[in-house]
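So that you can tell them apart, the chains are marked A, B, C and D in the order they are listed, and the count of residues begins at 1 in each.
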């Protein structure tokens, strides 16, 4: 297969390159850019010397149409205009940005402060959360790959909400992310001397992933209530932890919660439900496509603490995009992305 | 004043040494140890060469009684036997450990899994949270210095609970700490290669600071309900953030919450209420005795997110202990601890 | 192939597990331990849940003899007694420890402060630096896998010494390593709060890798002079940089140095010679088996600065061990270890 | 005293603010800026809320002339035009930038790629390395505060060179710095996700501190030879280590080197000569004005490894500037900067 990456020099693009390199079905990777045409990729990123020494190419429709799969790893707002002309003309399309995730254009415009895509394209997009939407993904014209935070939150909460084991009306979700989630553009937020040794909270109640989480909870688990969601920046590069708090429904036990999670994901190779542990940390999924989940009920308050960890760049972005590609092509969904986490 | 530090080689002790060095009323600091008598302090800690080149001394009652103030910076369980013989015999006593914080000995035994101190001494101990207990501290026979997490949680929540602006029956507190909170004893939890780049959750619902927080909420704000409290380990050395979630009571506005906090702390030099900010992080109080607080109401859920940051070793331990010492002696409470945070 | 890892729970072992997982010729990995027999591996290391849920096994000769390859990832001194009985009885043997690297037993005893292996086994060991010793490796009875620092130092200096482009009599080598080089045993040196934000120097002139480097310089490049070698600890987990300083021989130009390096390694897939760069860092080889080399001559002093970076756990240990295994079996030497560095 | 800081929002400025806050002779600190006039300082830097809530002021000569001391903490090239008009008109002037350090204007123009200041002002500037130039500093019209790397290098090497104990003709200096040395302007070099866990080398043989070091070696120690000097970036915020390598002159012992250092600095409160240590790290001077030095001779090569650590923002910049101010005013040179390092 020949694939193209549009926005190759961003972190989503770099991680696609890293993962696709070991994918047995990929024979060619073309790297596209709008702003750095002609730059030799390995001069910008020396870790790719001898591996990607070709120059980045201009985004030309004719070229792109001949590819088998195109990944869009671009800032919000770009695929709204770039993707529609490519729908149905050839390559399978996987959008890592947020443009086509929200079915309601007014929500996109409210939370992203940008013009939404046309309705007819929004309707065609399929939300690429494989563990919950595999059948639709198989038939998709194009994929809206989920956001990093939503992936961790939804994988850990959807089973418990759908099976009415926890109370969806009072969800509190405290999410934490490594700094790579902010991308490769230097700014005060990502400036080493101010970020290092500094755990911070940002975008209180205003993160654009909130409507995405709520839409999916409504769609997959009939949970229509708004959530309380905050995001924190951890002085580390990779990793997301979502710690969620929910009232447990009457008579429900911790064992039922764990059984529900295990039952839901018994066929899902990338979701691991942990029990009897002292500690769960982001490093245990570092570099891999796993999502590890744990739940514990506090008998004093009858509230459950549900924990999920992912690598934001893999299961939270590029790994999941490849998982979607695998499904689109009828491959085993773990093809090329079954590597072990790099715990140390 | 002559002061002594028992347990000098722990991190609480080291931080007392650092802060007391610039305290204008201190003329002598004696360092005591039970396990390393005779070790030259600066050989163990070379950052103190030329500053503390004396050997650590054995814990002898006669010597200790001649001091003006004694700080106990020992592991849980040690002051239960070590402190009582010194009550009322001379020096002012400030215990940085948890032994005398819980008034109900059965709670101590349940959460600490150790024998509680005698009731008559528990009754004499005064909880050293100056912003809420200054009058009692002034008259105290000895001080139980608060835990690190409780300091951040209580300073940010007590005003809102006491004034019945938030619903105390459904509190969710998501706390995060730097690794220095685990002390100076090497272990798997603090092993660099496994802690670095690893954000983890530990002691779910089981942290021994839970009953301390609940006791203080009951005492200072008439809030008797159990809390949901979890603790996370951040790959950084210093700093605590407590992110708390509470239902806002009817008709209460964000402005009222902020006004309440500001009013409560208008005479408290170490508590700063922040507004109109994009970000709040632990580094903005690094090395200082400040506690910075921010609150924001989510109109979609009518839930408030209340954020507090402290340096766990300063306001969360040694700085607050010195603040208590200052109050005990009638000094300005900022004496010796009014340094600016080291943001970079 | 069936392989066994003795000392599986150390970092060398963990990294072997991570890399061998994606090796197409490996069908089974047995994990051996002397101290934790019966412990379920994934309970100790949760990142391996669903991947290595088997218990660790006792080191039994009969079992081990049936394997195709055995990796020893044990502390110094263990293989001196453990390895000899297995020589020639079946499995190929690769020792990641230092026991069999030094041909002169008195040097081992001086620098390691342990009894050296028997001479007859020392004579049989082959130093597993593939880029310099491939023919011998192919025929080896067993392999002494190089140390982490020597790998970086030798790959960057041997070509220049052998071709007499630099003066070997005044070499200064300033080496820096991430903390994972210290292994998984907690100690003060690896305690997060004292290691984080702390760049330190250790073992001045006394590192046990010194005689290993000198032996190889003598053997492969006829350079018999002692080196000045120091080691530093960098507050990061992985990565080694060796910065070496050498007088450039008369009339030799920077271009000649670079050409020599390129020519030497034109058939070596894991060595990359970089030119025209602003910066070279350990992250550009993170998680991979690459060694990146750069050299620059200072015309003011006619001294060359030669820089090499590797991932200490991959090219500096487990990746190189697999590279040796590949060569022993006549496989392409990149099999299973041709992954891209994880730059972010 | 009333002091002003020009370029207050840079890291040199922030650190001056932090340190001057505890200086007993300072009653007022005015903050000047060229680009952010009117910005409330604590809105830019929330760690200063309640401490510096005043707006930054325009750089007006009339205002500045009324101050007692003015610190210039500006990028290279600014004081060349800004400082001369203030010489001799009132305030004592301390320049933290490099503009007036090099007496030879052609060197400045070569290494800084900027126009040099006028010769008559270059001649008046006094190099502010108090341990070596105190008498001149006392009488100075204005001070050129030393660079961060030169401070560590010169303090550790000058005594040995001046006393002809080491060979100055073959000096190799391998220097390492935390990221705060790069200032507060976001760039790829300081972008967290690419700097974290990445030890890198930069500006090989081209750092602008090279001529500064050479000038001072010539001036203070009659050592006219060029040096080999490289600089590395450590993934931490603060701290510099300079590891220097020198041939020991004939018959000279390690003890002589240590004695020479101790004798040289016996009256210097900020220089500590360490002996009998296993490890020396940057954290042992963190936040303080100390420079710790250690030296060890390798009998195998008769080469000495000389190690110096400083906090680049304190002894390497703002702390040393205050030390100079103290000397200019005849105060004890430790006034306000005698705080203990924050080892944890």
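Note that in this section a contact is a pair of C-beta atoms (placed from the backbone, for glycine too) under 8 Å apart; a residue touches a chain by one contact, two chains touch by 3 or more.
These figures come from a predicted structure and were not determined experimentally.
By count of C-beta pairs in contact, A-B exceeds the other of the chain pairs A-D and A-B. Farthest chain from subunit C (centres taken as the mean of C-alpha atoms): B. Subunit A and subunit C have centres, each the mean of its CA atoms, that are 36 Å apart.
One simple way to say how far apart two chains are is to compare their mean CA positions; for subunit A and subunit B this gives 38 Å. A separation of 46 Å divides the Cα centre of subunit A from that of subunit D. Residues of subunit C in contact with at least two other chains: 11, 178, 180, 184, 193-194, 196-197, 235-238, 280, 283, 286, 343-344.
By the touch criterion stated above, subunit B contacts subunit D in their complex at residues 11, 14-15, 17-18, 21-22, 45-51, 180, 184, 197, 237-238, 269, 272, 274, 277, 280, 283-288, 292, 313, 338-344.
Of all the residues in subunit D, the ones that touch subunit A in their complex are 11, 178-180, 182, 184, 186-188, 190-197, 235-237.
Taken in their complex, subunit C has these residues touching subunit D: 170, 172, 174, 176, 178, 189, 193-194, 196-202, 204-205, 226-228, 230, 232-239, 241, 243, 245, 278-283, 286, 296, 298, 300-301, 303, 305, 307, 343-344.
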